[in-house]
Every structure is written in C-alpha cells, then in structure tokens.
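Common to both upcoming complexes is chain A, partnered first by chain B, then by chain C.
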Partner chain A sequence: MSDTAATLTQDRQKLEMAALSAPAVIFTVGMIAFPVVYTIWLGFQTFSSTGKQSFAGLANYSKLVADYEFWHGLWVTIALYVLSLALQLLFGVWLALVLFHAKRLPGVVRSLFISPFMMPPVVAGMMWLVILDPSLGAANYILQALGLPPSDWLASPTWVIPTVALIDSWQWTPYVALIVLGGLQSLPPSVYEAAQIDGASPFKTFQRITLPLLLPTIVTAAILRSVDLLRFFDIIYITTQGGPGNASNTLNIYGFRVGFEFFNIGYASALMLTLTAIVFGAVLAFNRLRGAVAW
Partner chain B sequence: MSDAANTDRWIRWLNTVQLVLAGLLIMAPTVWMVLSSFKPSFEVTAYPPTLVFSPTLENYVELTRTTPFLSYALNSLIVTLGSTALGLLFGIPAAFAVSWTRISWPAILTLAARMAPGTLFLLPWYVMFRQIGMIGSYTALILSHAVITLPIVIWVLLPSFDGIPRSVFEAAQVDGCSVTRILWRIALPLVASGVAVSAILAFVFSWNYFLFALVLSNGDTKTLIAAAFNFIGEGSTQWGALMAAATLIALPPLVLAALVQRWLVSGLTLGAVKG
Partner chain C sequence: MKARMLAAHVALPVLAIAVVNGQARAADFDWMKFKGKTVTFLANNNPVAQALLTYKADFEKLTGMTLKVDGYQEQQMRQRLVTVMNASSDEIDAFMTLPSREGEQFAAAGWYGDLTAMAKNEVAKDYDPNGLSQALLKAATFNGKLTSMPMNIEGPILYYRTDVFKKCGLEAPKTIKDVEAAAEKIKACDSAVTPFVSRGLKPAVAYTFSNMLHNIGGTYIANGKSNLCSTKGKETLETYSRLLRDFGPPGVVNYSFQQISALYRSGRAAMAFESSNELRTVMEGGARLKDTGLLPFPEGEAGQVPTTIGWGMAVSSHSKRPEAAWYFVQWATSPEVQKKMALQGIAPPRPSVAKDPEYRRWIDEEPVRKEWQAALDVLATKGSSEVGYPIVANPESREFIGQAVQDLILKQKPIEQACADADKALDALIAQK
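Moving on, here comes the complex of A and B:
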C-alpha cells in the first residue's frame, strides 16, 4: 500500500470515528454543556415576581453569602454526608469481610444484597415512612419491645438527619460492600499465607495487611458515594421535604425549592453552581487521596 | 479435636451468624413493605403490628380504583424505554469510537451528569423547555432521562469494547471493512452481553429517577416515581395502598437487576472498579 493511500484510509477512518461519536457529543453539548453555561448566565440574573428577568451582576452571590438558609443548608448537607459516608464505609467493609469469608455466594443471596440499591430511593423513602411512623410504626414497636425509648425519627428536628442517614445507609451499604468485596477478591492470596506463617493474629493481619491493600478500593467507593450523598434529594423530598421546619433542608433541596416553588431561577442557579463546585472539590480531594494510598 | 480445628469451627459459625444478621437487616424492610401491601386495611395500621393475617388484594384494587396508577405506569414505561433506546443509540457508537481512538473526552463529558446535582441541569432545561412549550411532553422527559442513560451505556460498554483483541479489527480492515461495518457486524455481536447489561442498568436508573419528572411532567405525562406523592398524601389510613404502590414501583427494577446481578457492580461503578 502506498503512503498516500495509507493516509487516505487514516483520514477516512478519523472521519468515520468522528461520525460515530457525533450523536453522543451533540446530545451532551445540547443537554449538559450548554445548559451548564446557561445556568452560569442565569446566576447573574434576577427574576421579578412577574417573571421579568434583568442583569444583576453578583447580587445572587452576595445574597448567598448573607443567606442564613444557605449556610444552614450547607451544614445539613455536610452533616448528612459525613454521617452517611462513615456508616456506609464502616458497615460496608464489615459486610464485605463477612461475605468474603462465606466463600460461595449463591445468586439468590447476591440478588438479595443488591435489592436495596436497585429499588428507587423514592420507594425506600415510602417504606421507611411507614416503618418509622412515630405512633404506629414497626420500628418503635421493636424499640419498646426491647425496653428502649421510642423515637420520633423523621418528625424530630434532632433525629431527622441521623434517620435519613440510616435510610440511605440501608440502601447503599450493600453496594459499598460489593465493591470492597471485589477488592478483597483481587488481593494476592500470598500475602495472607506469609502473615499466617509469621503467626500474625487475624486482627493484626487485617489491620497491617488487608486494610492498607484495600484502601484504594475503599477510597473509590467513597468517591462514588460522595457524589450521590452531597446532592442528596430523593429520600428527603419524599419523606420530609426538608422538614421538620428546615432541619433536613439540604442545599439540593433548598436550591430546588428556591427554583421551582418560589421561581427565583437566578438565585437557585447560584446555589446549584456552588453545590456543584463543592461536589467537584470533594471528588478532586478524594482522587488525590486515592493517588496517595495506591500501591 | 485439636485446638486449631475448634477455633476454625468457631470462627466459621460466628461468620454465619453475622451473615444471617446482615441478611435480616437488609431484607426486613422490603419484606415488611410487601407484607403490608397484602394486609386488610384495618390490620395495616394495627398496633402492635401483626405478622400473621389473611392476605388480600384489596389494597391493589383500591390503588387502581382511586388513582390513575396504570396510566402513570404507562408513562414511566414510555419515558424509560425511550431514554434507554436513545442512550443505546448514541452510546454504543460513542463507546466504540472512544475505545478505538483512545480519545476519551466525549466519555468524560457525559460523566458530568453523574457528578453534578440534577437541579443544575433542571433549572436551564425548565427555562428552555418552557420557551418552546415542551414542558409536560414525553420528548422533554425522554431527553432529560437520556442524560442518565447515556453515561451508563458508554461506561459499561467501554471495558467490553476494550476487551476485544485489536487483531480482530485489523483483519477486518485489511479485508476492506469500513469502521461502521466493523462496529455493527463484528464488534457488537462480541459485546452482546455487555449491551444487555448496559441496557438493563440504563432502564433501572431511568425508571428510578425522580427529580426531572417532578418538574418536566404534567398531569398527563407524570411517571410513577413522580406520582409517588399522590399516594402518600392520603394519610396513614391509606398505608395499604401506599405499600402496594411502593411494591409495584420497585418490582420492574428488582426483577431486571436480579437477571444481571453477577455483572452489576462492576457496571455500576462506571469502570472505577473491576469486580
């Protein structure tokens, strides 16, 4: 084949490749990239009660800095995030170890373990709403049967965040567990054998060998959960809508309500861009951490 | 019996106990939901709660009688199937091109949708769709849900395409096959199982998605998930119907997920973990 013919085929090939990705790229630009740029522009606009919009400069952002509800929402978002992530990583690693030592997992058991995070979060919210009902729910009945005091759960300003964290952890701990299980199964067995020969206790083996080797997988699970937890929406919106009062008003819930209940699209855009920056910041930080614990 | 064997048995027993405990914690709420949906209305709110009862379908009958449950279900099906089809149509060729050329920015661009809060897109969409009068249309709903399905399809298929040896393509090229022909005739049949997994995951996540339909649908196009409020609003006397609705909404994703459970986790991490 001559050189010109070769470049001709290569050019043709490049063109064909571009044509293959074109629909996805055009769609993504139209539905994601352009709307995000548009949101940035909307963040500089104000909308009057009649829907008339005008340029407002940084007014939305200076409003944000002075807005008590924003800082409260940020606090709720972070509290819910830290609590949920800690619960899910802790119990996820525990569950992964239990599954790992069970050796053979029948498909039925696996299906059972994935069922919480494959069902809609909205459904999880609906079922827990009934279970956690303060007066007629099964949860308080069990607590009382065990001699423990009942709780108001989602109806209590103090307990609503831990309760939502509990519901989300019920849904996503098995997911974290299955990711960590994948990490466990890919570890070389030779390291355990060496530890065993050296007479290390099971706890020491876990602390000194398994856990450090597993850290990259755990950080990956943490990234995947962070992305969802920082933009927490579904379960809260279906169970408390940010309440009682504003006790579970996360930034995403607050931004949604500002935008679609009060129709202040400009301010909602500023709120959402800030939240997006927080999510991307967390992902970048975790990515650096993953680099630090890689082996 | 030796000490070591004794310890071994003890540890295995302890592990089984923990496994059963975890299984109970995971299963109990779902089982309670399903049981409640079959309880006679006076027993759903019984206190103390009852475990033994004579099952009835009255809640399901009540649900379809008092709410347009079936038309919501049809809306959900239209939006979910439409967005899954669109995700596959755009995602399959894109994943193939990314895998072949190693130019990954189109794939990374779609990931933005996986990371940013949905409201970030919903605000401009709302303004745009309102201007062209598309709020409440199936088209707007399908397009918005395709933002969920497209990254799933691309990132589940990428490793599958990567797994095909280059020599297969090169041989076809020498025979004068065009790239498009190679994709449809050679590559696609080789990754058929990956396509199935990506289609099911896309279906599940589109079906489960709440936020977009909350704003972009209207009374006629409301999906099941967005209509969940209509079922909750009726107070604690309607718990039976509420749990019947929850059970029915959860059924399609759970059945589909069980079919592909073996490949599910590596698919769900969008390539971050090989499971």
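Moving on, here comes the complex of A and C:
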C-alpha cells in the first residue's frame, strides 16, 4: 500500500471514530455545559416576585457582596465544612485501622460499621431529628439518666453547627474509613517487616510509616468529602431548615430558599455559582496537596 | 326609585335567563365528556389530599378519565410547581394551592387558569358552586378572576387538656391573658407537662402569630409601611414569644405542626395552639379523645379574629386540557366528595355538608368533635385569611415575622431591635412590585 493510501485509510478511520463517538460527546457536553451556561445566564437576570424577568447585568453579584445573609451563609458553610471534615478524617482513619485489624467476623464488622452511609440522608436526618428532640428524644433522656444537663441540640444557635456536624460525621465517617481501608490494604508489607526488624513501636510505625504512606489516600477522601460538605443541604433541610434564626443557614440552603421559596431565580443562580467557585477552589487546593504528598 | 324599578325590570329578567341557562347547561352536563383523557394532579401529601385520593377510583369510574397523581410534601410540591410553571410546561393540569400564602404571587405570575366561566357554565346539576364558603371563594379571587375552588376550611385552634385544667383549678381560657395565667399556674401545678406550645419554626410562625395579632388588634401594614413596631405589633411579638420562651417546650424554635401534634398527643402539653386539621393526628390512638377541649384562640383587645384558610384546587394556565382538569376540580370539590372527606375529619368548606345528618351523627359521636365543629363555625363566620403580609412576596414576609419571634424567644435581640429589623426588611418587600 502506498503512503498516500495508508494516510487516507488512517484519516477515514479517524473520521469514523469521530462520527461514532460524536453523539456521546455531544450528549455529555450538552448535559454538563447547558445547565452551567444557563445558570450563568440566569445570574445576569432579575426576577420579580411574580416571575417577570429582566436583564440585570452584575446587579445580582453586587447585591451578593452587600448581603449580610450571604456572608453569614459563607461563614456557616465554612465552619460546618472544617468541623465535619476534621471529625470525619480523624475518626475515619481510626475506624479504618480498627476494621483493618478486626480478626473476628471481619465481613460482618465491616458491614455493620459502614451501614450508616448506605442510609439515605433524609432518613438519617429524620432519625436524628427524633433522637435529638429536646422534649421527646432519646439523647436528652440518656444525658439525664447519666446525671448530665439536657441540651437543646438542633434548637440552640450555639450547638446547632456542632450537632449537624456530628450527624453528618456519624453518616459519612464510615465512607472515609472505607477509602482509607483500601489504602491500608495496598501498603507494601516489606516496609512494616523492616520496621519490625528495627524494633519500631506500634505508635512509631503508625506515625512514621502508615500515616505518611496513607496521606495521598486521606487527601483523596478529603476531596470527595469536601465537594459534598461545601454543598451541605439535605440533613440541614430536614432537621433545621437553616435555623434556629439563621444559625445553620448554609449558602446552599440560602440559595435554595431564595430560588424556590422566594422565586428570585437570578439571585439564587448568582449565589450558587459563587458556591460552585468555592467548591472548585477547595478541590484545586486539595489536588495540589495530593500532588505534594504523592509517593 | 326609578333606578330601583329599572333594576327590577332589567336585572330580574336577566337573572332569570341566567338561571334558566345555567339549568339548561347543567342538564347538558356529561361527566363522560372527556372519557379516555388523562389529567395530571400535583398534590400536597397532606390529610386533605390523602382523604380525597381515597376516592380516586370513583372519579375514574365516573368520568372514564385517568387521574395521574404527582404527590409530594408541601415544600417539595411548591418547588415542583415553580419549576414546571417557570418552564411553561403543560405537565400539570390541576394543582393544590393555598391562596392565603401564594395566591397573590401565583395570580400575578399568571399561573392560575381562570375558573370564573367554567364555574358558571360547565357544572353538574348538583355541584352548587354558590354553596361553597363565600369567604374562601373571595380569598381565591384575584382581579375578578376565580383561581381555585375551596377543598377544606381550617385554621389554628386551641387544644387544651381538661384533666390538667381541672387538676390545677383552672377554667377554659376566655382571653389571651387567661392563656398566659393558665400557663403560669400549670407550670407550678404540674411540672410533667409543657404548659403551652405553638409554632416556633421560622417559616411556620405566621400561621398562628397572625391570629394573635388580629385578636390583639394589630395590623401588618399601616400607611403602606410594615407595622410590627406599633404598640399592638410589639405587644403581640412579646406575648407570643414570651408564651413560647417561658412556657413552651425546649427547642420550640424548631416546632411546627408535626412536633406540636406529637407533643400534645403524647400527653406532654397542656395547651397546643395548632391547626384544626391536626384533630385526626392528635386523636390517633385515642389517648386524648376524652381529656381534650377545643376552642378558637381566646380573644384579645380586638375580640376574636381567627385565622381561616383553606386549600384550594386550581387549574394550571399551561394545561392543554383545562376543561378536563376542571371536571376533576369540580368532582373534588363537589358536595358528595366533600361529605365523604368530612367523615374523615376534613372540615368541609360547604355549610350544607356541615349540616348533613350523616356528618352531624359523626360529629355527635364524640364531645371533642362537637367542640371542633363549634370552633370551625366561629372560624367560618369571623375568620380572616390574612396570614403574613397581604403582598405578592407573602412567603418571604413570613420569614421576617418568624425571625423577629425567634430573636425574642432566643433573647438574641431586645424587642425594639427585633421589630425594627423586621420592619426594615418588610418595608423593602412591600415596596417590591
């Protein structure tokens, strides 16, 4: 076959491949790009309470800068994010170590421990709402049985964020543990054998070998949880709807209410795009960190 | 005099022709007209819709139509509706609506189909549109357009424990001050029960707060401005929040109807200011059947102005089958169906149903039902459907009322600041077009 004929065949093959994959590519790009572009466009519109729409330029974004609820929502989002992520990583690593070393019925123990994250967040929210009810819930009953003072839990402006962080951590710590457990199982045994020969204590082994080698896995878990935590919605919506007052009004809850309860879709879009930018920022930061700790 | 005679000579024949025409049309009415069509109904999964949908098969048998039900909890139902309506989609033909909350807004957005002509011309012989509560029909009429047909009548009423009152030497409260005095006495007399409970959850507060505000003689708006910082406004804010803070359950700021009903039903509240619709839930299990008294909320300085609202059934302005949807609306709000629903504890918006012998027998079975009906009669005759600010942005206005109440319950702001902050935000909403 001459060079020209070979080139023509190659070009034809490329064309065929492009034609065959085009529908999937168009569909995927359309599904991702259209909502994003549409939301960006909506962010430049203003909607009256009756749904009448007009072009607003950057008005939604300048409103956002001056909006106390936005800054408060941002603070609540970050506080909830930092607290929940710290709890989930800390207890996730601990739980992974427990599961890794579980000798009796490891399958049963693992299934039992990971069951909370199989539960739909709405069900988890409803369940905790009942448990934490200050009058009828089991949590205060137990506290009082132990001679401790009862708490208002989700109804206290002071305790609502730690309480929501605890509920989310109860549900998602097993997920982090599962990821870390995978990392633990893939660590090279030779390193541990060398440490044992050198007489390293279990704590030193964990501190100097396990933890550094696990860091890329932990950062991966942190990235996955960051995306969810910054968009925190379901459990808050079920348990507090952003209250008491606005003590748990995250950006996501605030944007949702602005859009779907007050029908200001333009401003809600601007809020959500800002939140998306924050999520992207966090993911990029963790990605860089992952690159730095990779081995 | 001349004018009166002219009116008699011209208007009466016109009225007679209209009646004859109406009768002729009613005689032509055929329930099977849209046989084979499908009507999609967006339902709020509350006791009203649950009772109605028990008879779904009856509608399908009567009309030969298929009824597709898209049911959600209240908030989710509104979100679905907003999405569908903003997209001008014809996915939904009929939907449930609360005119006191979203009526102005949905009407201004053009989401309601106009039922005025259909309610006159396209009715079955026994439908009797004039037999529906005139107050609720008026509340559902915007700019002369009838936008929904009433499905029920409801409002907040006071549930109180007769045994606890007797034990503490108390009479049924007649005034708001009596409620507070009773709460004080119950707190000292029986530490096992919460003396008073009502809505504390921010978006839910307006429903019960409005009743107290109107009883005290306050108004939401005066001279085009928000009026919460008026003397009566502040008195209501202070009384409502004090009752919940000093005599309510811990965590009351997260309380809406579910928590209130659960607390009262379990015997842990002496007084509950909650919706008349909750009777069935509160009486579940029968524990409260013999020790509960019911009253419209006791009077304040302006007397008794109970909050009276009702769910309505509307036809979507984007529906491609508005007439078929109207047949469903008509069936759902017909005397026959409303009587069946009434026997399930859904208060009928038709005085004729409320007087029906079978319904009366059901009422007479239990003293608590008699008191419930008596309270509903007061709601029907004296009620106001103003819940929150009578403006297009009514749902948002409820947030700020709730915020002011929560600020006071949680002692986060003094009264002057709480009402001033709320008035400032509400003035901005009132100014919105």
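In the analysis below, the second predicted complex is superposed on the first by the 259 of 295 C-alpha atoms of A that agree within 3 Å, B and C clash if a C-alpha of one lies under 4 Å from a C-alpha of the other, contacts with A are read in each partner's own complex, and residues count from 1 in each chain.
By definition in this document, a residue touches a chain if its C-beta (ideal position, glycine included) is under 8 Å from a C-beta of that chain, and two chains touch if they have at least 3 such contacts.
These numbers were taken from a predicted model, which means no experiment stands behind them.
Placing chain B and chain C on a common chain A by superposition gives a clash between them. Of the two partner chains placed around the shared chain by superposition, chain B is the only one that A:Y38 touches, whereas chain C remains out of contact. In the superposition on chain A, no contact is made by A:A86 with either chain B or chain C. In the superposed model, A:F260 lies in contact with both chain B and chain C.
Of the two partner chains placed by the overlay, chain B and chain C both lie in contact with A:D133. Between chain B and chain C, B touches the greater number of residues of chain A. In the superposition on chain A, contact is made by A:T240 with chain C only, not with chain B. Contacts of A:A285 after superposition on the shared chain: neither chain B nor chain C is touched. Of the two partner chains placed around the shared chain by superposition, chain B is the only one that A:V98 touches, whereas chain C remains out of contact. Within the superposed three-chain model, A:P150 lies in touch with chain C and out of touch with chain B [touch as defined at top].
Contacts of chain A with chain B, set against its contacts with chain C after fitting on chain A, overlap at residues 133, 135-136, 260, 265.
Chain contact summary for the complex, chain B toward chain A: residues 11-12, 15-16, 18-19, 22-23, 25-27, 29-30, 32-33, 36, 45, 47-49, 86, 89-91, 93-94, 96-98, 100-101, 106, 109-110, 112-128, 143-144, 146-147, 150, 154, 178-180, 183, 204, 207-208, 210-211, 214-215, 225, 228-229, 231-232, 236, 239, 242-243, 245-246, 249-250, 253-254, 257-258, 261-262, 264-266, 268-269, 272-275.
Taken together, the chain A residues at the contact with chain C in this complex read 48-51, 133-136, 150, 152-157, 239-246, 260-263, 265. For chain A in complex with chain B, the residues that touch the partner chain are 13, 16-21, 23-25, 27-29, 31-36, 38-39, 42, 94-95, 98-99, 101-102, 107, 109-116, 118-124, 126-131, 133, 135-136, 138, 141, 170, 174-175, 178-179, 181-183, 186, 202, 217, 220-221, 223-224, 227, 230-231, 233-234, 237-238, 252, 255-256, 259-260, 265, 268-269, 272-273, 275-276, 279-280, 283. Here chain C touches chain A in the complex through residues 75, 78-79, 82, 85-86, 105, 108-109, 194, 201-203, 249-254, 259, 262-263, 266, 268, 392-393, 395-396, 403, 406-407, 410, 412, 432-433, going by the rule given at the top.
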